[in-house]
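Should a chain be cited, it is by its letter among A, B, C and D, assigned in written order, with residues numbered from 1 in that chain.
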Amino acid sequence: MLTTTAHLYIRRPSPTTAEFTVTTRPALTLPLRLALLSLSILRLTLFFVILFTLYTRFLTTSSLHSSPETNPLLLALASHLHTLHLSPAGQALTRLVAPIPAWLLAGISIPLLCFTVAWELHTSESLLVLRGLGIQTSTTGGFPWGSWRPATRFIPTEKIRDVLINEAFRGFEVRYYLVVVVEGEEDVVVVFPKLLPRRKIVEAVWRGVRGCLYEANDGMWYGVGKG
Amino acid sequence: MAPPSGLQQSAITPDASNSLENGAQPQHHHPVLVRSATVPVNLKSSRPDPSHLAPEDAFVSASPPRRPGLFDNGNGSGNELRPRRMRRKEASRSRSRRRKRFQKLLWVKQSYPDNYTDQATFLENLQRNPRVQPYDFWPLVADSTIILQHVCSVIIFIVCFVGIFQERVSPVSVVGWGSFATFIGWLLWDWWVGQESQDGPVDGTPRAGAMGTYRDFRPPRRQDSDVGLQALSPSGVNTANPSALPSAASSSTNLIQEPQTQRHAPSASNNGNATSLLTPGHVHSRSVSSIHSVSSQTSAAARAGSGEACGSSGYRGAPASRWDRAKLRLGTIKSAILIYFTLLGLSPILKSLTRSTSSDSIWAMSFWLLAINIFFFDYKGSWDGAHKFPVASLSTNAALMASTVLASRLPSTGQVFSLTLFSIEVFGLFPVFRVYARQRSWRYHVLLTVLLVLGAGCGVGMVLGGEDEHLPWKNGLIGMVVGCLISALALGGCSWWLIGLQKYKNEIYGPWDPARPIIISRRHWDDE
Amino acid sequence: MHPFSILTLGIFVAGYITARWDLVTRLCELAIFAWDYGVVTRAAKAFGVLSLVFLLIFIPVERLATREANLWLTAPLSVMPEHDALMRVFWPTDLPRPGLKGVVVGWRNSPLDVFVLAILEEVEPRNVESALQLGTLLRNAPHPVSRIYELCGQSSMRVLGVSNTPESTEVDPSWIRVATGPGRRVPSVTCARASSIQIILFERPLPGRMQYISLNPIALALGDKKGDFRHDGADSGEEEDDEKEERTRKAKKRQLVEKLKQHSIVRHVPSAKEKALAKIINQMNWAWELEQLLQKNVSRIGNRPKRSLSVSERVVESATTARDMMLVWLWDLFRVYVLPVFQKLFIFGLMGHRITAELLLLVLEWRARPRYAALKDISATAQQVEIRLQQFCYWPMQYVTLRLRKNDWGSVTTSHPDYIRFYNSLWLVANDVIIGIALGSYIIDNASWVGEEISDLLSKYTVEALQSSISWLMGWPAGLKLNTELAEFLGDLFLWVIDYWSSCIEALRPALPHIIWFIGFSSFAGASMPIALFSDLLSILTIHIYSFYLASARIYHWQLNILVSLFHLFRGKKHNVLRNRIDSCDYDLDQLLVGTILFTLLFFLLPTVVVFYLNFAFARMAIITLKAVFDTMLSCLNHFPLFAIMLRVKDPQRLPGGIRFELRDTQDFRHAVDDSPSPLPSTSVIYLKSIPLNFKAMFHQYFQMGHRIRKHYLSPHVVLCLLTGKFVPPLNRKNLYSLQYSMLPARRAGVMEMWDAMNSLPSAKKRAAPIIVPVLANGKKLHSNGRLRSYG
Amino acid sequence: MAPTYNIAMVSDFFFPQPGGVESHIYQLSTKLMDRGHKVIIITHAYDGRTGVRYLTNGLKVYHVPYFVIYRSTTFPTVFSFFPMFRNIVLRERIDIVHGHASLSNLCHEAILHARTMGLRTVFTDHSLFGFADAASILTNKLLKFSLSDVDHVICVSHTCKENTVLRASLDPLMVSVIPNAVVAENFKPYSNPAEVARHSFGQDPPPARPLGPHDTITIVVISRLFYNKGTDLLTAAIPRILENHPNTRFIIAGSGPKAIDLEQMVEQNVLQDRVEMLGSIRHEEVRDVMIRGHVYLHPSLTEAFGTVIVEAASCGLYVVCTQVGGIPEVLPSHMTVFAKPEEDDLVAATGKAIAALRANKVRTELFHEQVKSMYSWTNVAIRTERVYNGISGAISEAEFYGYDASNPASWSATRGRSGVQSFALIDRLKRYYGCGIWAGKLFCLCVIIDYLIFLFLEIWWPRGKIDICPDWPRKTVDERREPGVR
C-alpha cells in the first residue's frame, strides 16, 4: 500500500537531457500522504520514547540526576524530563525496562534509534543523461550510509565506453540490469543497483540513454541487440 | 542420415526409407516396422544359453507384463514361438527384400531407426559369472586353517598378556620360551633354506628372510624371487595364478638373458652392491650403470641384466653362498641385538606412557588394533622366494602398536620389555615362519595348526579358569577340548556356508567393463 | 547632441541677434508681405497634398521594403541551426543580474558551447570586442595573463551575446540573447542557431577562500609511492605473496575488462563538446577572479574624455602619496637591511636542524645488510622519531611550495592538497604535543604510582599468570590425558626460566620509576612518543614469553612432522619426495618395529606438547594484539585527518569530491519567461554542484590499514601456522606504517635541495614585492605598474 | 516446416574445460541452432566463468554458481538447484531438457526437476560403467533414479546402449544410438609441406607418403594419461615396439598422473631420441600433431565411442586400437587394426600395421573422405531432432516406436514405460517405485519433496514475475539443404 513495485518516471525537458527515475513511491494521493504523515509521526514518537527510556534507565542506574544545572534551558529541560519521569507513564516505563540489563537495552535501542531516524521508506534511483556532459546515477532510500543526500556518481561522456543490458544470477534468479562500462575502470557501474527493475523498464531506459546521450549522427545505436 | 545408395536406387519405397532416415516428415507413412522386429519377444525357454541375456531381462522386472496378444499380431502369428534362430533367418529373408540386415556398426548408414533393437545382436556378448570356479569343501577348510592359525596366535598373545598382567605368569618365562621357540624356528628355517639352496640352481641369499637383513638385497629381490619360484615350482603349485604368470614369464626372460648376464656379471655385480646401499629410487642409476657395462644391450636385456647383475651372487652357486650365509647370520644377529637394546631403552618410557589414560580406553584401543591386525593380515602369504617377507605393514603395525599400548599398562619395566619382545616374536616373525612352513610341507602346517589351537584353547581355559590354584590344568584341558570343538565347528560351518552362498553370485560382464590389461613385465619401475 | 554644445550654440545665436537688429525687422516685414499675398495658404495646400501622397504611397512602400529587408535578413538565420543544435550555456548563479542591457562576455569553447563570465552593462558590444582584442579588459592583472589562457585552454575571451536587448536590434546569429532580471533566478537564453539549450548553472567557487571544483576527489595522501612500498614490503615473504596474488587478480580482471571492450558495438568518438569538461571545470574555478577583473576594467571601455582631477582631490592625493611614499621608504629600508639578516639566521637554524635530522635518520635507517632489519623496523620509538624527523624535513619544502603559490593566481588549484596536508601535519603535531603535555605531566606527577602499577601488572601477568598456568598444566588439567613425566619435565624447565626472568625483573624494579619518569618527560614531544615507548617496553619485558613461544612451537612442529611421516610408515606407505606423492613401500621388520613404537610414543606424548604450545601461543597472540592496539593508536595520532575534517565542517567547498548535476523542473521557468515575445527553444535547466569529500574517502587509509591487519592476522594462513606450530610472523611494520608515511614523500629532499629551496624563497618574495606596494598606491601608479607587469 | 523447439542442454562438463562431452554438446547445439531450434546450455561455474555468457554464434551458456568437488562434477545439490533451474527454464521458454554425461549431477537433477515441471527430457550417455565396484553401483542407482522417468535416452554406441539399458533397466526401445561425429574440416590430412612448417610442432621432416621401406614411421598417441586410458599398456609396449621396428618413433601428447611412468620408461631404456612427449595440448592442436604421424595408437581400456580414433582416421592415420567398449563399432576394418588389451597383442598389432603401411597396402589418403561421409554433426543433429519429434509427439508414437497402429492396446500397455509419458505425479511415482525395494521408496520421497518445492516456487515466484528473455534471431532451415548430409 505504501510502496509499489518499481516503476519508471521520465523527465525530458529537452531532447538532449533526460532523467529516468525508478522508484517505489506510488503517485501521491491524499490518503497516501496522510498515511506517510502518520507513519513519520509514529517514527518520531517512537524515537522520543526510546530516548526517554534510555534517560529513565540512566536515572535509575546513576544517582547524579540531582546535579545542579547552571544553564537555565538545560535546567528547564531536566526538570521537565524529571516530571515526565515521575509521571505514571514514566514510572511504568521504568518498571518495564528495569529487569533488562543495561548493555542489552543499549544494544536494542541504539539500532532502533538509527532506524527510526535514518530509514527511508521509498527507494528511488535515477539516471540523469546530459548530452555532451555525461551520465549521473543517483540512489536514495533504505539506509543512507554516509550522508543523507542521494549518493550520486557522475561519469563524463568521454569516459563512457558503452552502456549495455546484462544478465546475471542474483539469489535464485537471473536478472537483467543496466551497466555502464567506464573507461579505465575495472568494475562496471550498475545502474539502479538496489531495485533492479524488470526487463521492460531496463530496455526503455537503455533505448532512452542511447537516444539521448550521443548525437543523432551515430544513430546506429537503436535496434542493436544487447552488447 | 542417408540410406546406402543401393537402397536409394531400389524402387521399393525409396521415399519411405528417406522419411525414415530423416524423420522430418512425420505425417508421412512410416514403413511397417513391426513390433516383432523391435520389441524383444520373451523367449526365456528357447534361449540358447543361460548366460545370454535377452533385452527383456533388462526391464521385465520393472515394466508391466506384456500381453501375449501383443506378439501375436507381429508379422504372422506363429513364428513367434519358433526357436529364435529360425525366426531370425526367416525374418532376415523376409527383410532382405526390403533392406540390408541390421549390423551393429556405427559407420554404416543403416536403414533402421536409431532406437531399433536387434534380437540377434543385442547383448550378444554379455556373460554372467564367467570366471567363477565353484569351491569344494575340503580345500576350503584347508585354506581357512591359515586364518585359524593367525587368530590362535593372537589369542595366545592376549592370553600371555593377561597372564602377565594378573601376574600369574612370570614375564621372563614367557619371553624366554618365546625367544627359545623363535630361535628353534630360525634354526629350522636356516636348515630348510640350506636344503633349498642345495637342490635349486639358485641359492641367492635364502636366509636373508630370517630377519630384516635382506634389506641389503632388496634390488635383486624380484629377479631372484622369480627364479626361486621357478626353482620350487613343484611345491609352488597352489600359488595364485596371477602371481604365477608373470613370474614364469620373466623367469623365461632370465633364461634368455642367461649368457650375457653370466658374462658381465662381475662388473654389474659390484654395480649392484654399490647401488644397493642407496636409498630407494636408485633404479635409474642402476639400470644406467648396467647399460654402461653392456652398451649394446636393448632395454629388456638391460632390465634383466641389471636384475641379474645385482642378484648374480646367487648364480655363482656354492663357493659364494657359504660366505654369504655366514655374513647373513651375522647381520641377522646384529639386527636382533639392535632391536633388543632398542626395546630395553624404550621400555621405561613405555611403562609410564599411558598412565594418565584410563584402562577402558586402552582395552578398547588395543581391541580395535588387534581387530585391524586380524582383518588386514596378508593371508594369501604367496610364497615368492626366500626373501619376500610377507609383511603386511598395516596389520603388523597395528599389532605392534596394540602390544605397545598393552605393555604400557604393565607396572614394571621388565614386564613391559618382555611383553613387547614377545609381541615382536609373535606378530613379526612367527607369520613368516608359518607361511614358510606351509610352503615347506603340508604336514608341518597341520601340525602347527593343531599345536596353536591346543595352545590357545588351553591358555584361554586357564585364564578364564580363575585364580584357583588347585588343578589349573583341568581348566586347561577343558579349554583345549572346547577350543578344538569351536575351531572345527568354525572351519566346517564357515566353509559350508560360503559354499552355500555361491549360488547367489551374479556378476555381469560385458564389453563395457574396463578391460584388465595383461602386462608381462608389470611394475618393473614402480614403487622404487 | 550634447547639452553643453547646445548651450554654446544658444549663446552664439543670442549675441548675433543683438548685433544685427535691422535684419530682424526686415524679416518681419517680409513675413507680413507674404501673408498679405496668400503665399501661406498655397504653401499649406501644397504641404497637405504632399503629406497625403506620403501617407498613401511612401509609407506602405517603406513597410513592404522593411519587411522584405527583414525577410532577407532572417532568411540565413532560419537555415542556420546545425545538425546538433544543442546549445550549452554555463551560467554562474551568483552573477549580479540587474535589468539593464549589457554584453555577455565569456569563453566560447565551441561554436555552441559557451561559458559566461560576466555581463558588462552599458557598453557597446563592438567596443567590448575590440577591448577584448586589445586586452584592455585585463589591464593591471595581478599575475601574468597568459596563465589564464593556458589554464582555461582558450586563446581569448569572446563576446557571447547581449542581455536584455530589445528584439529589434539584430545581432550576430551565433550570439545569445539573455533576458535576466532581479525577478528571475534563471536567465532565459535564446540563440538563433540553437534548437535546444542546456543552461547549466553553477556556484562560482571563491578562490580567495581556496574553494574549488574538481572532477575527481581531492587526494589527501601523497600519491607518489605505490611502487616504492612494494619494494619495501619485499622482505616479508607472506606479505609479498598475498600482494602478488592481489596483483595477479587485478591483472586477470584487467584482461576481462579488455575483453569487455570488444563487446562495445560502435566506438563513439567523443566530440569537442564532450572533451571540454575538464577545461570547463577549470574555467569555473577561474570564473570569480576573472569576473572581478573584468568588472574592474569595465570603466575603460568606450572613448570617454578622462575627467581631470579637481584641485582639492589633487591635494588630497598628493598628501596620501607622500604618506605612502614615506611608509614605502621605511618598509624598503627595513626590508633591505634588517629582514635579510633574520632570514639568514632563520635559514641557518633550519639547515642546522636539518643536518642533525639527516644524521639521526641515517642512524635510524642503517642496516647491516640490505635484508636485515633497520632500527626503525625493530622498535616503535625509533619509528616514531623517524616519522617526526621526516616531517620536520618535509615542512620547509612544503612551506616553500605554498609560498610560491602566493605569487600566482588564486584560482590555480594545484596546490590546495599540499596546503591541506601541510596544515594537517602541523595541526597533528600541535595536537599531539598538547595531548602529550597533559599526559606527560600526569605521568610525571605520579611516576612512582604508574611504575608500581606497571611492575605489578608485569609480575602479575607475565610471571604469576604464566607460572599458575604452567603448574595447572602440570597436574592433569581438565581431564586432559597428559603424560605426567613429560609435563613435569617441560613445566619444570619453563618454571625455572620464569624464575630466572622474574629475578631479572626484580632487579629492574627500582629503576622502573625513573624509566616511567623518562617516558613521561619524553611525552612532551607528543603523546605518540610515550605510546611508542610503552610498546617497546612491552616487547622488551615479554621477551621470555616470546622465547617460550618459539621453543614450544619448534618442539611441536618437529613432533608433528615426525608423527606424520611415522603415520605413513604405519600405513606401510611413504611420502615420495621426488614425485611429491604417497607411495606404497614395504619396510623391513626392524624399521616397522622401531617406527611403530616411536609412533605410539609420540602419539601419546602429543597432547602434552600441544597443551604447552597452545598456552604460550595464546600468550604470544595476546601480546601481539596489544602491540597492534598500540600501533593503531600511534597511527591514529599521527595521521588523523584533523584539518580535513575541520575544513569539511567549516567549508565543504574546499574539499571537493566530484560534481553532481540536478535537473530542475522547467515549468516554472517557462512561466517566468513566457512574457518574452519570441518562443523559446526547448530548454533544460541544470544545476551543477560540487560534492564535498565524503568521510569514507577521508578515512580511506584507515580502512586500508584495518583491512591489512585483518588480512594478516585473521587469514587462514596464520591459523594454519598456529595449528602446525610454524612461527607466526608479526605484521610487518612497513605495511602498518605505510599509512603514516602516506603524508610524506617517498624520498625526502636532500640537504642541498632544501638549501636551494630556502634561497629561492626570498627571490620569490622580491618578485612579489612590487605587487604588494602599489595596492596602497593610487590609480595612476597602479596603472603604470599594471602596464609594466603586463608588458614584462 | 518441421517444428522447432527450445532446448536446454544441461551438463557439468562444458568449455572452458576441454573434453569429448564438451565438444559434443557444443557441436550438437550449434547444428541444432542451424536447424532453427533455440538452444541454451546450463552448466556450473568455472573459475572466472560465472553468470550468463553468449558464445559467438549466439549460443547462450548459463554458468550456474555451484562449487565443484571432483573433476568438475558439482556437489549433488538436489533441491537448491531447482529455483534457479526453474527460473532459467521459464525465462527461456524451454520445452525440451537434454542432459548429458551420466557422471554429472547437474544433469540428473535437471532431468528430475524438468519432469516435475512437465517438460520433455532426453538424456545422452557418453560413458560405460561396470557393475562390479561400489562407486559404479552407486552411480548406477543414481542413473536408475533419474532415468526411470525420462522420455528418451541417447547413447553414443551400441555397447553404450546395452550398458545403459542394463544399468538403468530401460526399455531398449526408448534408447537410441546416435554416434558422435567429427568436424571433418578440422581434421584434414596432411596436404602441403608449407603448413607443417607453419605450425608449432614442425621440428621434424613431414611424414613421407608413400612410404619407402626405410622411412621412419611415426606413431602418434594422444590421450589423457590415466589408468583407464591404458597408459600402463602403452608404457609396457613402447620399448618392445621400438625394439622390434628399428626406424619408428613415437609422439605422445597428453598429460596425467601416469605421465611420470612414461617418462621413467623413456629414461630407463634410453629412448629420448625416439619418443617425443609433448605434454598436454589444446584441442585445436590435435590435428597438427596427428598429421605428423602415420599410425595412431589407442591403447584405451574402456571407451564408449572414442572420438579421437575417428579424428585420427580423418587425418589419414592408420589406427591401431584395443578392442574394448564401443571401439569396434566405430571404424570400418580397413582403417583399423584391433588388438586385445594385452601387451603382446598390442605389440603384434602395431607390427602388423607398420608392415601394412610399409607395403603400402593401406590407402590412408582415402580415409578423410570416407570418414567425412560416415560422421557429420549435421547428421547427428537430424537424428537427434527425430528423437525430439518422437518424444514431443510430432512423430506418431507408432512410427517412432514401431508399433503397428492397428491395435492401440499394444502401445497403451507400454505407455508407462516408453512413449509419451504422462506427467501425472502418481504415474511418475509408479515408475520410481519400481526402482528397488528401498531405493524405490527413497526415490518416491525425493520426487514428492521435489513436487512440493515446485508448488512452493509457483506460489513464491509466480511465473508472471519472471522476465521472458528475447530469443537470438533464429536461423530458418530451408528444406532443400536438409538432405545435404549425403
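Some points to look at:
Keep this in mind: a residue touches a chain if its C-beta (ideal position, glycine included) is under 8 Å from a C-beta of that chain, and two chains touch if they have at least 3 such contacts.
All values derive from a computational prediction rather than experimental measurement.
Compared on C-beta pairs in contact, A-C and A-D come out with A-C as the pair having more. Comparing each chain's Cα centroid with the centroid of every protein Cα atom identifies chain D as the most central.
One inter-chain figure worth recording: subunit A and subunit C are separated by 28 Å, centre to centre, where each centre is the mean of the chain's CA atoms. Put simply, the C-alpha centre of subunit A and that of subunit B have 73 angstrom between them. Averaging C-alpha coordinates per chain places the centre of subunit C 61 Å away from that of subunit D.
Here the CA centre of subunit A is 53 Å from the CA centre of subunit D. Of all residues in subunit D, those touching subunit A in their complex are 50-52, 62, 64-65, 83-84, 87-88, 91, 461, 466-470. On the side of subunit C, the complex with subunit A involves touching residues 83-84, 86, 88, 113, 196-198, 200, 215, 250, 253-254, 256-257, 260-261, 263-266, 268, 270-271, 273-275, 277, 658-661, 663, 665-666, 681-686, 691, 694-696.
Touching subunit B in their complex are the following residues of subunit D: 2, 128-132, 148, 152, 154, 157-160, 162-163, 165-166, 169-179, 228, 230, 232-233, 236, 239-240, 243, 261, 264-265, 267-271, 301-302, 305, 322, 324-326, 329-332, 341-344, 374-375, 379, 382-383, 385-387, 389-390, 394-396, 398-404, 406-407, 409-410, 413-414, 416-417, 434-435, 479, 482-483, 485-486.
Those residues of subunit B that touch subunit D in the complex are listed here as 1-2, 18, 22-24, 26, 30, 32-35, 37-40, 53, 55, 58-59, 61-64, 66-67, 69-70, 73, 104-107, 113-117, 121-123, 126, 283-284, 287-288, 291, 298-300, 302-303, 507-508, 510-522, 525-526.
Only residues 166-169, 172-176, 198-199, 225 of subunit A touch subunit D when the two sit together in their complex.
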